[in-house]
Amino acid sequence: MTTIIPFGPQHPVLPEPVSLKLEIDNDVVVGVLPSLGYVHRGLEKFIDTKDYNQTLYICERICGICSALHGVTYARAVEKLFDVEVPERAQYLRVIWGELNRIHSHLLWLGLFADGFGFESLFYECWKYRESVLDIMEMTVGNRVIHSMAKVGGTSKDLSKEHIDLILKTLDTLEPKIKDIEKVFVNNYTVKKRLVGLATMSKQLAYEAGTAGPTLRGSGNAIDVRETEDWDIYRDLDFKPVVEKDGDCYARTKVRIGELYESIKLVRNAISKLPNGEIAVPIKGSPTGEAIMRCEMPRGEVVYYVKGKGTKNLERLKIRTPTFANIPSLLLTLPGAKLADVPIIVLTIDPCISCTER
Amino acid sequence: MSLAKSPWIIHVNCNSCNGCDIEVVACLTPLYDAERFGLLNIGTPKQADIMVVTGSVNYKSVNVLKNIYNQIPDPKVVLAVGACASTGGIFHDCYNVIGGVDQIIPVDAYVPGCCPKPEAIIDGVVAALSILENKKKGNIRGKEVKLKGKEVASNA
Amino acid sequence: MMENTVMLLITVPILFSLLFLVLGKSLYKILAWAFFIFGTVFSVLLVMDGTGRFEITGSNFAMIENVVLILEVLVILFIFFVSAKYKNWPTLGLAVIVAAISAYSYMNVAAIESASFNIDQFSQVMVLIVNIVGTAIILFATGYMDEYEEHRHLNRQKTFYFTMSFFIAAMNGLVMVDTLGWLYLFWELTTLCSFVLISYNMDEEGINNGFRALALNLVGGISFAIAIILLSTKFNISTLSGIGTEAASATVVALPAALLCIAGFAKSAQMPFHSWLLGAMVAPTPVSALLHSSTMVNAGVYIIVKLVPAFAGTSLGTAIAVYGSFTFVMCSALALSQRNAKRVLAYSTIANLGLIIASAGIGTPLAVAAAIMLILFHAISKALLFLCTGEIEHTIGSRDIEDMSGLIKKAPLLTILAALGMVSMLLPPFGVLLTKWVSMQAASQNPIVIVFLILGSALTTVYYAKWLGTIMSSTMDKNVVTHKKPETYFPLSFLGSAIVVTSILVFAIYDYFIRPQVETLLNAAPVISGQAGQFASEIGAFAYAAIFVVLALALLIYVATKNMFTPRKSSYYMCGENNLEMDRLMFRNGLCSYDKSNVSNIYLENTFGESKLTTIGYAISIILIVIALAGGVL
Amino acid sequence: MLENEVEIKSSAELLKTVEGLKNDGYRYATMICLKANEGHDLIYIFEKDYKLKNLRYYLKPGEKPKSVSGIYLCALLIENEYQDLFGLTFEGLAIDYKGHLYLTPNSPKTPLA
Amino acid sequence: MNVNDVLTAVLVLIGAPIIGCLAAGIDRKLTARLQGRVGPPLLQPYYDVKKLLSKDNMIVNESQNLYVVVYVAFMILSLLMLVFKADILMIIFVYTISSIALIVGGMSTGSPYARIGSSREIMAILSYEPVLILYALAIYLVTGTFKLSAVLDASTPLLMYTPLIFIAMLFVLNIKLKKSPFDYSTSHHAHQELVKGMLTEYSGPGLAGIEIGHFYEYVFLTGLIFVFWTVNPLIGVLISIAAFLLVIVIDNITARVYWQWMLKLSWTLLLAISIVNIAFLYITKPTLV
Amino acid sequence: MGMLNLVLANVSRKPATRLYPFEIREPFKGFKGRIVFNPDNCILCGICQKKCPPDAITVTKTDKTWELNVFRCIMCTECVSGCPKDCITISNERAKTGTKEYIKILVPKSDTPKAASK
């Protein structure tokens, strides 16, 4: 007889409400049916009542973790409709905050992941260092988690000299700390016991399953939209995607740790190249036409589709978030795993249900 | 004072954007270390005293919320964290949003903000604790929140 | 006086068996009650008669000896007949060998002039088990068999009760008679009875398994017969007790003793013979209960314990100890992966018999005491467990342990009795554990045996705890059952109380039965004192009284404090997705419909599964037997 | 008009094109559903080497679109989503949530339709 | 039973939970410090128990708290037997009663997570029980009796002859305290795939009972370690404390592993080293004097 | 043994914990704590209400009231930048936790401003 249990929505290892109906035979998962909808709010309908400026605040709240980049990507999508060029300083600022956001997001994930395999003190280590990034955010944009720094046409905040000094100083102290954490994730015997070879996806499988972000790159696919000409700032910043070959939970962890270093590098480069000038251009009128904008979020590639109809309100807004792309891969990786591995495998795609369901 | 020294919380993410949730979790981490007050994030409602709810309520999470509330032994308090949980916040008029948590279960304290700082959440817990003490003294019990037929409706 | 009791104990069960054959179904219940009362009274009478031996000589003997001979011929003919009828050639072959050996012994072995019965404390214990537990099982059967047959469209109850009663007669004879020739007859009679009972359903599976039991026990029987021939021709020994007493030079009789032990192994279903006992599971549950607790398998360990003087302290003894403890650990491991309750019990029986044999093999006074006590306690607990399983099967229609989850809600009394049976198998203060404790202490001198015992006892804890937890879990809906016949519940409750009472009186039992018996067997008694509610040997103390007291206290405290706190019933934690209107275990799934949650235990089939272990078990056990035999010859 | 946009005329053609794209090594990115002239526009977005390829398929009112989840398993989520939000019915879905991916029987029906 | 014995018993009955509570407090405080936090007050476990006792008795089935009482009662009995230097084999059996009571209690609630947790705990028994009995056997081999009094009266510490068993016992301590890496059946932190595992359905007074039982268990388990060095009680206590601290540190530097892994570990490594030690004792036949 | 080093270092160091509420850290200058409304210049134009994404502000011309639902405000500061009269500013002090509170203010500030709670 198989064991059938609900896993979620309210479950301490799942910070977000998602429910899996697990069928387990001999401690091995044989069937899984995800249940979504616990955080479906219906954001895409909001454009009927909110204008394109207000919609930005809603997009930021698609998910509180990568909210900065949601705001940026939305703004860039609308800017594409208007066909305006954002001042260069604003572009750099967006990158700085965006990458800081990624650092906080990855540290957060590393912590939750550690918690997922019962390593509480490692979880605390990760979150301890993450706070320094949040302090930067609080000081520079006025809020720890939801930043509201982007706006259509540029950014709403600027970085002062002292802010920049603080950021550089924080990064200098953060980097060795990350090295410490990395050692544990990469070398600890029990951690490796849990992660190596778990939920392996081959390069081909990860590609065809439509996964995104570290999940995709952990399987050896060097795909990161920061490389595209879409957002050419990154080209100037000497960006390289972080890729691991093995495709297991261990590899995905290493990708995210590698991206921490990459982000630190990007922030430093962006600061060193930060031009002077305006931080926003005024936007007038109402958008028309269709545009697709992509951006690499901490969890992977996000796709924004916007369609204007010549009024302040958009006609259609559609967001394909990274977790949305990654969830189907769970259907492939969960069967065959042990029950104790379920939280790890779920967490390994860095799920963000709130953006999946919007 | 026994209750106030050992608040065990259960965190229920109802319909939230994660902003509030990560701040709730941040309260437990070394920088804020809510365990200084004996606070534990206990996984099961059966052992919790304080129900920390983040996010507004939607049609799917409503019976989860009720079930969890009913499974917390008295005395208990409910703390709504963030604009969403308090009033529905920015999502208050979304089609799938019923509203703030107090539309469904009695809420004892609210924490404003989107998202609130961990300090604010700690303030909220402290406020909740005195309410908890009062409830114990006055032997005030939470009413069993019934699941309405409509809410448990299935397509089976 | 004693002679009469002995004779009555053999003849009255035969009388009962004939009555069952003659009288109608409606009278079975009365008969069974009468049988139970007879068995109880007369076995107690036998105990009160005291110990001793008597001979049957002269014309009496001649007459009975003729009957014995005729019966032996009949037994062989019957085996010929059935094996030919069902075309079971291996059995037929074995029967031919048996016939040949019998013929050989008839011609070559000097006839005996008298036969003797020897009633010692061990016989008394066995008689008590056979006649009280055994008849309780028959009583249970009268409340069980109607329903059993109804569902299988059978009508063979006459055969059933006849054989069951006859079985008891045969067992009574087996445990009291001292003359090897007669013992052999009773031995083969039990084999035959078990064949009839196992193939009771008359379907292919039943008949095959019956033949397996028959064949394997015939192998044992052959070994037995050869031993008798060897003993009488080489050593001029014709009684069981003779082997012990004359064995001052133990190595002399080692080979026949080893052969007798192998007969005992077969009867006790030790590896590699164990498959017949597993096959016996197809029979109705009372049959299993009877085979496992009071009759068949006990005959094997009975012989082995009786032979202790012949091998105590020798290398044969050590080999037997290692062999027994190996069976113990192997079958405990095999039980781990089983979810069929009867199979679990079967493995548990084999394992416990292994433990008995191991204790006997160790051969110290303490160990032999443990062996005899374990036979007693195991019989009671196992009878209860089997009967409970049967009753559970009738209650829920399944003998799968997983299906029993939540039984406490459906059949509280039955569940508590079953739980008592299980607890008595794995936890102190109950007798089985006490004897396990004693054997561990006794075995602590032999490193291999003790390590096997330790591993086996951990495994035992696991498979019983699993089952215990499953029946105690409250997952079923309340819906109390209807089967509540006195015929079924009286034996169950009786056995349940017997567990408790014997465990409380353990020291008295020890003092009255076991100590003198060990003294007769080994001329030395274990140093055990029973003060302050402790069962204390020189190397340890089993504080059973303290545990009973604490258990009682715990119950008292629970009842007293139960209402001190405001109780509030709640639903299960289902991650918030309960549906209280439907079922306590229902939860909503992704399709917005509902699923029932279900949890099954861990069975470790990949490590402890039958397919993984059985072959290894066969190999090692056969090697160990060969070593034992070799030890016997050398 | 989006870049690299291809108009698809029939559902058979759609499946064939998607099949072809998969063989060419395209990744399924997502699908957009828009209300258009009583019916719906479905824009299938594929990606290869950072380049997007968009297939636009006009879905007549009442027409039941064919699911591409048989070709790209990951399409099942978005198709189920549109079943919920637009009330479409996709044929041949790998896992059919029957309109209950996000919404429950008591929540508003087809909110975006 | 003389007056002294009664006094000792009462002292144990009252003193053990206090020590256990402090130990639990130290555990939490030290864990917090290892994690760079301030941590709860030392008396936090006491506050927790007091709080739990004042809560509603929320149950899913009538008998679930019976098992708690049995658990605590036999925990106390095994501790008392330890203090009164009874038969070590017996003590282990009595201790098994309490473990089984808790497991059956978890199972009896019938809730899915509790049942899975309990099945895992049964597997834990399978891993540590042989080691525990081998520990008893080692005591027998060096003293010629299973009675603990022999160890306590001896003038050579047990540890001298049983270093490998000592190491195995450290693992047992780790398993029994349900500390990482072996906290898979129920965990002191709730971030576990089984929520609170075995104890998921316990709340209020029932849970308080279990906590109190844990206090006794802390003392009992460290008591088993203490037996390794009774010659100088101070050193014995220090060793026990060191073992306890070691377990806490290990808890903080390891991830949770699978029960399968633990079973493998204990049936290979732990049993092997224990058996090597036992074999050594058989061969050299040392006696504690 | 990377983790061992980390945890042992933690013990040897002072805990990282900020002792809130016993030691209160000065909020950063730019922290968006709460909305402060100065009714003096308000012309009840309603722009803030229109700009506010979560509809936290209600301006009622007839009653001359300006109302803010603190528990709905998401601190986006659209109202601050939108107000033509700069009546709305932002403070780096956090809004209070507790029971629900609305700020309902009469404009102009002839009457005493009152905070009504519901």
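Read from first to last, the chains carry the letters A, B, C, D, E and F; within each, the first residue is number 1.
Basically, a contact is a pair of C-beta atoms (placed from the backbone, for glycine too) under 8 Å apart; a residue touches a chain by one contact, two chains touch by 3 or more.
As the structure is a computational prediction, the values presented were derived from the model and not from experiment.
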Intersection of contact partners for chain C and chain F: A, B, E
Neighbouring chains shared between chain B and chain E, ordered by label: A, C, F
Most centrally placed chain - per-chain CA mean versus overall CA mean: E
Label of the chain whose CA centroid is most distant from the centroid of chain C: F
Dominant chain pairing [most C-beta pairs in contact]: C-E
Centroid distance [mean C-alpha coordinates] between chain C and chain A, Å: 65
Chain C-chain D separation of Cα centroids, rounded to whole Å: 68
Centre-of-Cα separation between chain C and chain B, whole angstrom: 58
Chain centre separation in whole Å, for chain B relative to chain A (CA means): 26
Two or more partner chains touched - positions in chain F: 3, 7, 15-17, 19, 53, 74-75
Set of chain E residues in contact with two or more other chains: 32, 34-39, 53, 56-58, 112-113, 116, 190-192, 195, 200-201, 204, 252-254
Per-residue overlap in chain A, given as positions that touch at least 2 other chains: 3, 5-7, 9-12, 27, 33, 36-37, 40, 42, 45, 57-58, 61, 121-125, 128, 143, 146, 188
Chain contact graph, described as a line, ring, star, complete graph or other shape: other
Touching chain combinations (by label order): A-B, A-C, A-D, A-E, A-F, B-C, B-D, B-E, B-F, C-D, C-E, E-F
Residues of chain B touching chain E in the complex: 2-3, 5-6, 8, 29-30, 33, 35-38, 40-44, 46-47, 49, 71, 73-75, 136, 141
Contact footprint of chain C on chain A as seen in their complex: 1-11, 19, 21, 26-27, 33-36
Partner chain A, residues of chain F touching it in the complex: 2-3, 5-7, 16, 27-32, 51, 53, 74-78, 81, 90
Complex interface listing, chain E residues touching chain F: 30, 32-39, 249, 252-254
Residues of chain B touching chain A in the complex: 10-23, 25-26, 29-31, 41, 43-45, 55-56, 58, 60-61, 64, 68, 90-91, 93-97, 114-115, 117
